[in-house]
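Common to both upcoming complexes is subunit A, partnered first by subunit B, then by subunit C.
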Partner chain A sequence: MATLTCRQLGKTYKGGQRAVDGIDLTLESGELMVVVGPSGCGKSTFLRLVAGLETISDGELEIGGTLANRLEPAQRGVAMVFQNYALYPHMSVFDNMAYALKLQKRPREEITRRVREAATLLGIEALLERRPRQLSGGQRQRVAMGRAIVREPRVFLFDEPLSNLDAALRVQMRLEIRRLQQRLGASMLYVTHDQVEAMTLADRLVVMRDGRIEQIGTPMSLFETPASCFVARFIGSPAMNLLPVSHSEGCARLPGGLILETDALEAETRADTAANAEAKAPARAATLGVRPEHLRLDPQGEFAVTLEMIERLGVDALAYCRLPGLDTPLTARLPLATLEAAALREGSEIRLGVDGPLHLFDAEERRLARRARLISAATSRIA
Partner chain B sequence: MRYRRPGLDGLTHLLLIIGVVIFGLPLWLALTASTHSAADLQNGIAPLWFGDQGLANYWQLLSQPMPGLGVSALRLLGNSLVMALGIALGKIAISLLAAYAIVFFRFPCRTLCFWLIFVTLMLPVEVRIVPTYGVVARFGLIDTYAGMILPLIASATATFLLRQCFLSLPSELFEAARLDGAGPLRFLKDFVLPLSRTNLAALFVIMFIYGWNQYLWPLLAANSPDHATAVISLKNLVQSTDTLPPWQLATAMTLLTVLPPVVVIVAMQRFFVRGLTDAEK
Partner chain C sequence: MTTFERHSITPWLLLAPQLAVVAIFFFWPAAESVRQAFYVQDAFGLGERFVGLANFQHVLTSPGYWHAFGVTALFSLLVAAGAMGLALLLAVLADRVLHGAKLYRVLLTWPYAVAPAVAGLLWLFMFDPVLGVLTHALAVFGVHWDAQLDPGQALALVVIASIWQQMSYNFVFFLAGLQMIPASLLEAAAIDGAGPFRRFFGITLPLLSPTAFFLLVMNSVYVLFETFATIDNTTLGGPGGATRTLVYKLYEDGFVGRDLGGSSAQSVLLMVLVGVLTFIQFRYLERKVAY
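After this line comes the complex of A and B, so read on.
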């Protein structure tokens, strides 16, 4: 059952600026959908369109089966948690949470019961008489969520709710939101620019760019088969290595002369061997992507690189390497132990092998094939 | 930043003391003069210390009709109070709604409206006194409280001040309240009023004093002694043609006239201090 459906939802501001463009999505009941994208991609505007804080320019918004385009925010059955919490500073925590119910003229006993239930769920019973300014960041966050829960909305809307918290608290609240969502079976639309938050929380992930949906799917499907370079860069940390290549018939030729043969295209169009791929024409500009996690230290590896910098993360280390002929560094995530064992330091010459899928994108940065695997590699003789 | 320099401290204290004397001496003279008999004051030299007629003078002032006007001092003070309260509350009510509309509503010519209100800063009652008198007279409001109050209750200053105050409220507050189902008037009552109450208190003090000190407009709008204000009565007291002015009564009335604004300031000071220390916004 769909709780929320958007059909070609769009928003054009007065100056003609198109903030949200043709959003099509369906939020299933009990689903946590995370909308992610860089700042200015229209994700917050999209959320505000759903909330009713901005008027919808075109398209349709359906909440709980009824057209909500022209409904007042309070009548849409949505509750929103704001980035800076937007708690009412002159009211106690109890009044903050009870305010919506008071406006609905609910009986006093029901208000008290619902507020207490929500407070117990969030562990803030002891704070009900306090004012917002007497609370810590995490407590304010909880009150803001409590205010939403009390209203028992059809859809929860979260607008970057964790970005004002410190790193440790963010992880904790992230888990709490997830636990809460599962306990309440609530439908949630969650906007963030933090891709770790997005990956860990989402049932489904929506990546937005310039007001449009770039890709929509489960976090792992986006991680494994990004539809574009943009998604590839955005999902996963550290970001995927994207190397400019010229591409023809399954063979990707790197600026340094390295040729990688992949199964990205159909077998019949593929060159017989990597070596005579040069003879085949015409080569097109393309982008080859490989995740840092899928590179390993290998004496027979395809990439001969210079180790430029090491960032130790604890168990792993990030190795920033220079590939001859390329400006962009190649990042590899390697186990710290192997780095130490090989006594590698900045300046070492090493070889890296590919241990995972490759990603090929065309000149428009769109994905070329579902999946590409490295078959063989050779170094061009006319490099 | 505080400078600690003994020489400078002495100098600043000296300046402050001079200031206090300059401002305080006239009040002191009024206070001492109001305790002497009329005969004591006839030579025109103000005594620097108290006489023995204090109680008698104030009793006469409060119990008998004012010479020249034929109305009691209490009536005059009451008239002043009604006018000052009417002006202060009226100004706040009108500018509150105006500023609320300008800040929180998107309507055509919003900025134009704001600047039109702002331009009226250049049109105080002294400038528009003839047309204003004409309008009030035709409405038959001469010699009424309404006629004394209404022409003065539009205030660009207050609108501007409240606009700045409302602009400092975070917009998410408004949006959160909208999602909770609060309409515009509900938002005004539940959020804007409580959150700007310190500013409203400050405005009230300023506007009350403005209203209390009005001279020219009540002089025109209130012809009968029944509606005369305390400030106007002061002039009447010292303007006797055939006898010497009753200076002991004039000075006593002056002190009584000064008193209410002082009370308002002292009473409202609590709010200022709380507004400064209480970072609720």
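After this line comes the complex of A and C, so read on.
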């Protein structure tokens, strides 16, 4: 059942700036959807449109089956958790959580019961008499969530709720939000710029760019088949290696002369004939993507590179390598043990093999084929 | 620490000019007026005689003093309430302005830069019984305005001039206070179901209470002391003592009437009054301040 539906939702500011442009999405009941993107991509504005804090310029917003475009924030059945928590500093924790219910003129017993229930759920019963300034960051975060829970909203809105917390607390609260969401069966729309948070929390992930949806899907589907270079760069850490290549008939030719033959040929030629009736273009600029996790140390590997720098992460290490003829470094995530065993250091000449899918993107940085695997490699002398 | 210990004289040398100014222009005159309050001087300042508390007794039993006390109380109440209320209203409006906000704020801050004496003159001209622009405007509505004859109108004149002056000061602080309130607090309240009035009285006003408290103290001091120039340039305490506040009476008795002892006693009483008022404000109002 759809809790929230957006149809071509858009926001244009008075100056003509288009902050949100044609958002189409459906939030299913009990789903946690994470909206992620770099700062300025319109994700927060989108959330504010849903909350009713900004007026919708065009398109339709439906919450719980009714058109909500012109409803006041309070009538939309949404609750929002702000980045700075936005707790009322002059009220106790209890009053903060009870404020909405008091405004609804609920009976006193009901208010007390609901606040206590939420407080128990979040483990903040002992703090109810305190003022927000007497609380730690994590406790304030809990109170902010409690204030949202008490209202029993149709949709929870989270606006970068964890970005004011330190790293350890962020991981803890992330788990807690997830647990809470599953326990309450709540529908949540969660905005963040942190891709790890996005990957770990989301049932479905929405990647936004310049006010538009770039891709929408489960975290793993976005990781495995990013629709564009933008998504490929954004999802996954360290980011996917993106190499400029010239591409024709499934063969990607790197500037250094290396030719990689992939099985993307079929899909690509089909797309080619459908898209333009032009004669087979000899070779077009394209981008080849390979994740750092999918490179391995291999004496017979396709990529002959110079190891420039090693970052030890503990179990793994990040090897920053240079391909001859390329400005962009090639990053490989390798088990630290194999690096140590091979006694590699900065400056060593090594070979890397591909152990996973390749990604091919066209000149517009759109994905070329659903699937691309390496078939063979050859080095051409005629670059 | 060690730096300060080694140069034990330098900090005092650096402080000396400021300390000298404070001592010569504040502590010395204040101490002198406290001393004089216990003496009677002759009109030429050639001799004096210790009289104990006689000056205080005389002041506190004279009906003129209590009349001035009443005028001051009414005047203070009107000016403080008017200057703070209007300033808050203007600050709330200015806070919403997006275009030309800076110009708007500068214009509203300007009156504070005008010297009280000049401000008094300005209003005196505008309300002049013969030439005043506002007098003529009021005549259209059938109001006969003559602040030189009508006690109520005289009080109104100094109240308006004082409010106009002090409002800018209050405005700056209220606006700063408003801008300190995070927008997300009011947004959270809107989502919680609070309308514009609820948001103002339930969130904004309580969060402004520290600012309002500070301004109340500052306004009390302003009304009790600094309105002197305004009164001296407009009504001269008249007509019939209708605008003779405590500070104006003190000046009249001391510098016009040459009763230095009595005037000193009044100034001591005024200092005590301000002290007591401030104490009460801190003691009872600060508890109600939000956070």
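Here is the rule we go by: the second predicted complex is superposed on the first by the 367 of 383 C-alpha atoms of A that agree within 3 Å, B and C clash if a C-alpha of one lies under 4 Å from a C-alpha of the other, contacts with A are read in each partner's own complex, and residues count from 1 in each chain.
Here is the rule we go by: a residue touches a chain if its C-beta (ideal position, glycine included) is under 8 Å from a C-beta of that chain, and two chains touch if they have at least 3 such contacts.
As the structure is a computational prediction, the values presented were derived from the model and not from experiment.
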item: Subunit A as common anchor, with subunit B and subunit C clashing or fitting; value: clash
item: Which superposed partner A:Pro226 touches (first subunit B, second subunit C, both, neither); value: neither
item: Contacts of A:Tyr88 with subunit B and subunit C, given as first, second, both or neither; value: both
item: Touched partner set for A:Gly217, first subunit B, second subunit C, both or neither; value: neither
item: First, second, both or neither for A:Val78, with subunit B first and subunit C second; value: both
item: Contacts of A:Pro292 with subunit B and subunit C, given as first, second, both or neither; value: neither
item: Contact residues of subunit A, present in both the subunit B and the subunit C interface; value: 51-53, 72-74, 78-80, 82-84, 86, 88-90, 99-100, 103-104, 131, 133, 147, 151
item: Subunit A residues within the subunit C interface of the complex; value: 51-53, 72-74, 78-80, 82-84, 86, 88-90, 99-100, 103-104, 131, 133, 147, 151
item: Contact footprint of subunit B on subunit A as seen in their complex; value: 51-53, 72-74, 78-80, 82-84, 86, 88-90, 99-100, 103-104, 131, 133, 147, 151
item: Touching residues (chain side subunit C, partner subunit A) in the complex; value: 182, 184-185, 187-194, 198, 203, 206-207, 209, 290-291
item: Residues of subunit B touching subunit A in the complex; value: 170, 172-173, 175-182, 186, 190-191, 194-195, 279-281
